[in-house]
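Look for subunit A in each of the two complexes below; its partner is subunit B in the first and subunit C in the second.
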Partner chain A sequence: MAVEVLEPFLKGDTGRNTRGLLRLIILCTIAAAAVASRLFSVILDPWFNFRATKYLVQNGFYSFWDWFDDREASHPVAQLVYEPRKPAEEPKRTRTWHPLGRVTGGTLYPGLMVTSGIIYHVLRFLSMPVDIRNICVLLAPGFSGLTAFASYLITSEMTTSPSAGLLAAIFMGITPGYISRSVAGSYDNEAIAIFLLVFTFFLWIKSVKNGSAMWGALTALFYGYMVSAWGGYVFITNLLPLHTFVLICMGRYSPRLYVSYSTWFALGTLASMQVPFVGFLPIRSSDHMSALGVFGLLQLVAFVEFIRQQVPNKQFQTLLRGLIFVVFVVSMGVLVLLTVSGVIAPWSGRFYSLWDTGYAKIHIPIIASVSEHQPTAWPAFFFDLNLMIWLFPAGVYMCFQQLKDEHVFVVIYAVLASYFAGVMVRLMLTLTPVVCIAAALAISSILDTYLVAENPIPKETQANGQATSDSIKSAADVIKDSLRSTRNPVLGIYSYVSKASVVGAVTTYLLLFVLHCTWVTSNAYSSPSVVLASKLPDGSQHIIDDYREAYYWLRQNTPDKAKIMSWWDYGYQIGGMADRPTLVDNNTWNNTHIATVGKAMSSREEVSYPILRQHDVDYVLVVFGGLLGYSGDDINKFLWMVRISEGIWPDEINERNYFTARGEYRVDDEATPTMRNSLMYKMSYYNYNALFPAGQAQDRVRGSKLPAEGPQLSTLEEAFTSENWIIRIYKVKDLDNVGRDHGSAVAFDKGNKKKKTAKRRGARVLRVE
Partner chain B sequence: QTAQTVLFDLWQRYLNTTPQRVKLIDVFMAFLVVVGGLQFVYCVLVGNYPFNAFLAGFGATVGQFVLTASLRIQTNPENKREFGSVSHERAFADFVLGSLILHFFCVNFIN
Partner chain C sequence: MKLSGVLSLTLLSSLCLGAKRSSGGTFENYHAKSQSYAPLRLDDASYDELTATPRNHSVLVLLTALEARFGCQLCRDFQPEWDLLGRSWAKGDRHGDSRVLLGTLDFADGKGTFQKLMLQTAPIFLLFPPTSGRNAKPDGQPIRYDFTAGPQSAEQVVGWMSRYLPDGPKPAVQRPLNYVRIITVTTTLLGVLSFLSVAYPYILPVIQNRNLWAGISLITILLFTSGHMFNHIRKVPYVAGNGQGGISYFAGGFSNQFGMETQIVAAMYGTLSFATIALALRVPRMSDPKRQQLAVFIWGGVMFGMYSFLLSVFRIKNGGYPFHLPPF
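== the complex of A and B ==
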């Protein structure tokens, strides 16, 4: 890897020495720029990953691997000591997914946590004790420097141009499409996954070019690392076979391809199965079948090639060709049969929704509810990739012109990734590396043409010096001066004006690119989701810190075992910052449980109170942005709760009931009774009227006037409301002491005595007991 | 009839032209095929209850077969042109590296 960089130093050539030194300095500067541009704001975000890492560092690797998420501070040593069980005292103490719990070791990709754990221990070994939180915060910027280096390597494999790799590195270092997922503190799987993606591709290109089993084995190792880090490894699993398949179909089978692909597949599949979350999926799931199929095909092709060299008979060769075709078709048929009969699991919903774009919206609302899973708009491409988006097709076109094995790879990668990025905003991330590579190829060829190409040597000196005796040339020499058109054409740009103007234009564009990237990064992608920043009229910054205020209230004022119910978006944050058990969280593995929460939120109080009781809920947390105009609140997410729970209980929840007769979603006077009686509506607007003069309550997100009389709550009581009313926490009341239902208890407390005291005997029922 | 003679010719050619070392590799590959086949038959007959154990054993034979085939291809003098950067000794070292990784994963996976 570093050989290319270091090579010039080892050979004693001064010019190349200088160039190598320059290259090293440029790469270091790029890495520094990549790290620096991610430090606009530093706040740790994905809380679950951080919590898991903390657990790993505190309790060691083995207990992390078998971690059933119950208690944060559980010490395995204490469990080994024999203690008589007291089941009455200790009910199930699950921290997440309250009644169910979560087998964390088997349901996460451990690569991220293990990486930061290793860095932590290495630094400790070097006697630089750094807090694990700082490592988690700075992991993504650090790895983005490595990503820049990896894209330098892979682009250098594509072309002989000296500048392409460096251009790709700087593009990859500062492009907003990648920064959006790797700012300091975004401690997410993508933080290391993109580096692994690009580096795996580099190793694959290298192994296909050299046909060396070592590079193939390295590809497999890094592929295994990638599998342990991110669910997007399926992209690699399908891209490498597709590359191989296309090469075979182009008639470019070579022994090199056999060596690299078989080594990668055999080792990589075994490596990927070591991750507990993946398990037997590479054998059982349809997502992985293309790799298996191409592996079989490659064996057949290699065998036939081997036989073909031995047999001179032409007919036999065609027979063999037929044989391979038949075998391939038959095994494809068997594969399809196995899929249909259910031995091999069909496409997983998340993956399938990439092909059938309407599928998720109808069948799995929980996938469609995430804003990152929506189709990408055009401006987003330009916003994230700026000038690269129009250099990208040019770069792909230039790959077609050369079309060696590695260029085929870039073309396939470009086509597939652009499709995926068009379907889903989130997959812009996998598109970014290939866009950087292609754009760097395009720009570097422009620069090579206009900057590096030397002036053509005048013909006379050339002919004298080199004495080349071409027949054409001699023929041209005869009538050299007579006709303009018969002179040897002089290729190359050698007027300084044209050189300077083109190079100047390109330089301007590149500088504008840097400006754009910095602007986008500082303005759009560096806003932490926990702390909201707003500008006061005089331009000064005002920080709205309601989330942490509320979470710390929970942490300090509630019993340790209090269960918090909220919508799943806030599950990890509550678990991490408030340190209280939650019912659902961002790992959406159990759709029914989420739908239960959705049903409790969207039903009448009488319906949701039993649900809350059954799940031991103590506090309910809602996010309300009506006072501040914070649009990402729970009323705006409310329809997704309705949709998700309607998928499970279609006869109890009906989305239509939440719309007015004209099909509008309103919260004001015209809101439907179902809407106004839903728990979510009541919790959001409870006591909200009191803030305003009578009859003037205003919701600033929906921009509507609220009804004069606010909702009444009978089964919950308000426990806490943050400064700007963003987070509201309610305590679930206990059962009534005298056994009344809550509605009548509240009515009694208010003194609403029934006016008619006349003894009206209702239809009495017999007491059963 | 023709197919039979063609196959017989093939066998004769193979016996005559293949060097001793390559024949050794081929015997090893045949052995791996037999072992893998036996495991598969056993799995079909008895059932795949410790599925990871079956996968580890079967994967080991398949992987080793593929690695050996790669070694055979790389050291074949006819493919000299393709593998400019890989000498025979380098190919063997790669083979050893690949096998070590393979066996590490298999032993880990068999539990």
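== the complex of A and C ==
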């Protein structure tokens, strides 16, 4: 009965409409699920982007472009009004990267801020007054819904099966590998960049398929958007030329390819050069040279194809091919020459570290120090992608089945991205889309096969076995270059038992995947870095909120222009939450400036104090996890500070001195004098043994017993220590009033007598008269 | 002004000549020697003479143990670099303007010195600054350089030296052209090219074989997603003992792994992928219903069991992971 009722909806034109509507509803549900799974907890981070967005919204686009971040950061949140107002005449002083200041417009990717600015203005235009903060918080989840839609589109280009696209969309929507960077409040470039990445790829596939300049121009447009949003655009810049190059090598040159690539390259390069931070890089840096080279090659190939059509002479064609080869080699030679002579900038450091994995460790400690730039161990892959990680190769294999132009793209993307993700944890993000696409192809291929209700009629194998094998053979001859496992024609599944068992197992896996994603998201990726959660012995959750406590203290108890020095990881948070200027922050590209901070941290007090004075530092902030067993603290990052500053001052800082004679990194009695005299060590352990009974002070991160006598500080004084000792803030002492050096001033305060007099007095002699 | 310049120059050069002729100073003697054989080969006596205070030159001594019985691989690896550095320094500094002498003290020639310095390890660099003259350092204690980071290149050593040496010429290392290598490379290249041109018709179908490329791509992907690059960069051990005489195949900790572990994981991924491919592509193409049924059960069983095992392995790595499938 129900079947008869449903019949008209599933057949003919109405059927198509019904299915279209269903698909739309499913997609909307997926988008909603994608957004919802990102709302476990909300903390806005990084603050700098939010501050920049506020500035953009208040002062308008052009003012943002020229924003030199050297004055009062922004007007307090309460005064957030729409009318663009001129920056008030405020005392000029540096907010970030003190004392250099930051030409913000020229040193960031503005795509993120501009996007939220546009959304803000559009909503206001529709008379929906929304606080810019809410837009910033919800931007990443919102865009993740769009990413799911984009992966539906791109997967639908790969296969005729409509379910593959929907599967890819839901995979993309809930996979932890993407959620990790797009939870609500994670207001970083990646929030919109992944959508742009996937959508640009979709447009590219579309334009290669159709050979239309319109799709090519759209690709270029979104490529330009991507360039303005994320430094990872170089991945696209290299992947599209590689795809084109491979297609040419496979002998698949076509006018479609020519039109789409030329359109994309010409317009995309122009678009990317509009971003001040990128500027003339596209024609000067080696990262972009492959795109240019392939563009040249494509022109040559097109020329040859044109000539070939006009001239039938075979010898002439051979000559022409030779000519092309020569031209290509010569232009490569010129390119190399230009690179060597320095006209074209060599590959930027990050990309060196991608190819030559040992490079960064030796030459650019500043890149190697970032935890996101570490190589990926296998559990991280499984954690982020779960069952998709083993469906992924299967899906790639299925791409070889038809191997049209778009499948070639997926294969190249898969191989390259898995290499990159293996080298850097951070690039797991670029791998995730292709994994979702391939896994969806694999799963949908299984489901499409096993969910067919009708059974094929088994042929009388004995009777015409000969005939079938003959026909199979001839079929194999026809499609010679297909895969081994797909030579025979598809027949179908004969029994309901096999259908039920396979479908049941796959459903189990998929349900497990959903559980996994929920678990990972709620446990691992939703605890923001500023608030730490821990479990008490009775199982209840305990929130460790030391970071915010300390930032709030800074905000309330320090003068408005107090400069805070900390390691660069905390720069954005201090700038945003405590609203105090910092020396270095997460986006500082001035290596020397970071090394200066590193030097101040890793030197003796006598050396550090002048550095602190020269940089007008008022407070020094360190993160110390020894009491709580919090391993991400500064002592564990300390070696990177040493390495980075050693790169600039090799005479003064030497990494070897921080290791014991046996090459161990220790903080206890056996720590080297250099280590124990370093400012970082002193600040971390100052007064720490007061917490313990005498001689029993223990560092719970490094699991070592500390020396009985704690370090003495003379040029700094303890200003604040948070509840769990995670954040310790020290005030830099002013110069002594009487002109003594700090060491003797402290000694005097303690009641020690001057050493000099003690020496002069000599041994006490009994007076005998 | 010009005249005085010329005058001082001639004076200087005559002084130099005079110094050379008189061959009085230690530096001049040894510098002359180093022109014919660099770096200098020292023994106890000449080492003491060179490093005696006061000295108006710098000395860089490499204390090494080249004889095979000491088994110092690092010493022997570094020796060619050191000879190269010595030669290019001698060539670049013919007149001794840098006032630096480079010398090698092998353990065989200088046991006394090794004992005096109480050295347990080799190779070690000692750089003695001048104690008299313009760039004198008052204490004259040598600066020591350990080879903690493995073998160094001559350029790195020059970089280290230049940091401590006073101003003066610092000849760059000049590597001789490696003719043998150039010839080998050219020959190999030509050989490969000619082989390719001859074998092209036979190679072409292999290159154009889709199965080959599919295999290559899948292996690459499996390699990378099972953490091969981590092994490569971090240089993890292949396996480790579990402390009870056995082998532990899986490293504890989420961001830690062994070489063999990644291979096991890659094999698991490979099996699972292969089962997926078989179920999706092979099985529906089977013409015999009985065999098909069997194949479905086998591949489905393999997939289920393997995935369950994979989850159990993951629970070893991540203690709090709550999910598992029945068998394991």
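We adopt the following convention: the second predicted complex is superposed on the first by the 681 of 769 C-alpha atoms of A that agree within 3 Å, B and C clash if a C-alpha of one lies under 4 Å from a C-alpha of the other, contacts with A are read in each partner's own complex, and residues count from 1 in each chain.
Rule of thumb we're sticking to: a residue touches a chain if its C-beta (ideal position, glycine included) is under 8 Å from a C-beta of that chain, and two chains touch if they have at least 3 such contacts.
Model, not experiment: these values are computed from the prediction.
**Student:** In the superposed arrangement, does A:311 touch subunit B (first), subunit C (second), both or neither?
**Tutor:** first
**Student:** Contact-wise, after the overlay, does A:512 reach subunit B, subunit C, both or neither (first, second, both, neither)?
**Tutor:** After superposing on A, A:512 lies in contact with subunit C but is clear of subunit B.
**Student:** Between subunit B and subunit C, which one contacts more residues of subunit A in the superposed model?
**Tutor:** Of subunit B and subunit C, more residues of subunit A lie in contact with C.
**Student:** With both complexes superposed on chain A, which partner does A:495 reach: first (subunit B), second (subunit C), both or neither?
**Tutor:** second
**Student:** Which of the two partners, first being subunit B and second being subunit C, lies in contact with A:610: first, second, both, or neither?
**Tutor:** Touch partners of A:610: none, neither subunit B nor subunit C.
**Student:** Looking at A:216 after the superposition, I want to know if it touches subunit B, subunit C, both of them or none. Which is it: first, second, both, neither?
**Tutor:** In the superposition, A:216 contacts subunit B only.
**Student:** In the overlaid three-chain picture, which partner chain does A:283 touch, first (subunit B) or second (subunit C), both, or neither?
**Tutor:** It touches subunit B, and subunit C stays clear.
**Student:** According to the stated criteria, A:258 is in contact with first (subunit B), second (subunit C), both, or neither; which is it?
**Tutor:** So A:258 only meets subunit B here.
**Student:** Classify the contacts of A:390 with the two partner chains as first (subunit B alone), second (subunit C alone), both, or neither.
**Tutor:** second
**Student:** So in the complex, the part of subunit C that touches subunit A is made up of which residues?
**Tutor:** Result: residues 146, 148, 163-164, 208-211, 213-214, 217-218, 220-222, 224-230, 232-234, 254-257, 261-262, 265, 268-270, 272-274, 276-289, 292-293, 296-297, 300, 303-304, 307, 310, 314, 317-318, 320, 322-323, 325 of subunit C touch subunit A.
**Student:** Can you list the residues on subunit A that touch subunit C in the complex?
**Tutor:** 357-358, 374-383, 387, 389-394, 396-398, 400-401, 403, 411, 414-415, 418-419, 421-423, 442, 445-446, 449-450, 458-459, 461, 468, 481-486, 488-495, 497-498, 501-502, 505, 508-509, 512, 515-516, 519, 523, 650-651, 656, 663
**Student:** Can you list the subunit A residues touching subunit B in their complex?
**Tutor:** For subunit A paired with subunit B, touching residues are 210-214, 216-217, 220-221, 254-256, 258-259, 262-263, 265-267, 269-271, 273-274, 280, 283, 299, 302, 307, 309-311, 313, 316.
**Student:** State the interface residues of subunit B toward subunit A in the complex, per the touch definition above.
**Tutor:** 3, 6, 9-10, 13-14, 51-52, 55-56, 59, 62-63, 66-67, 69-71, 73-74, 76, 78-79, 82-83, 85-86, 90-91, 93-95, 97-98, 101-102, 105-106, 108-109
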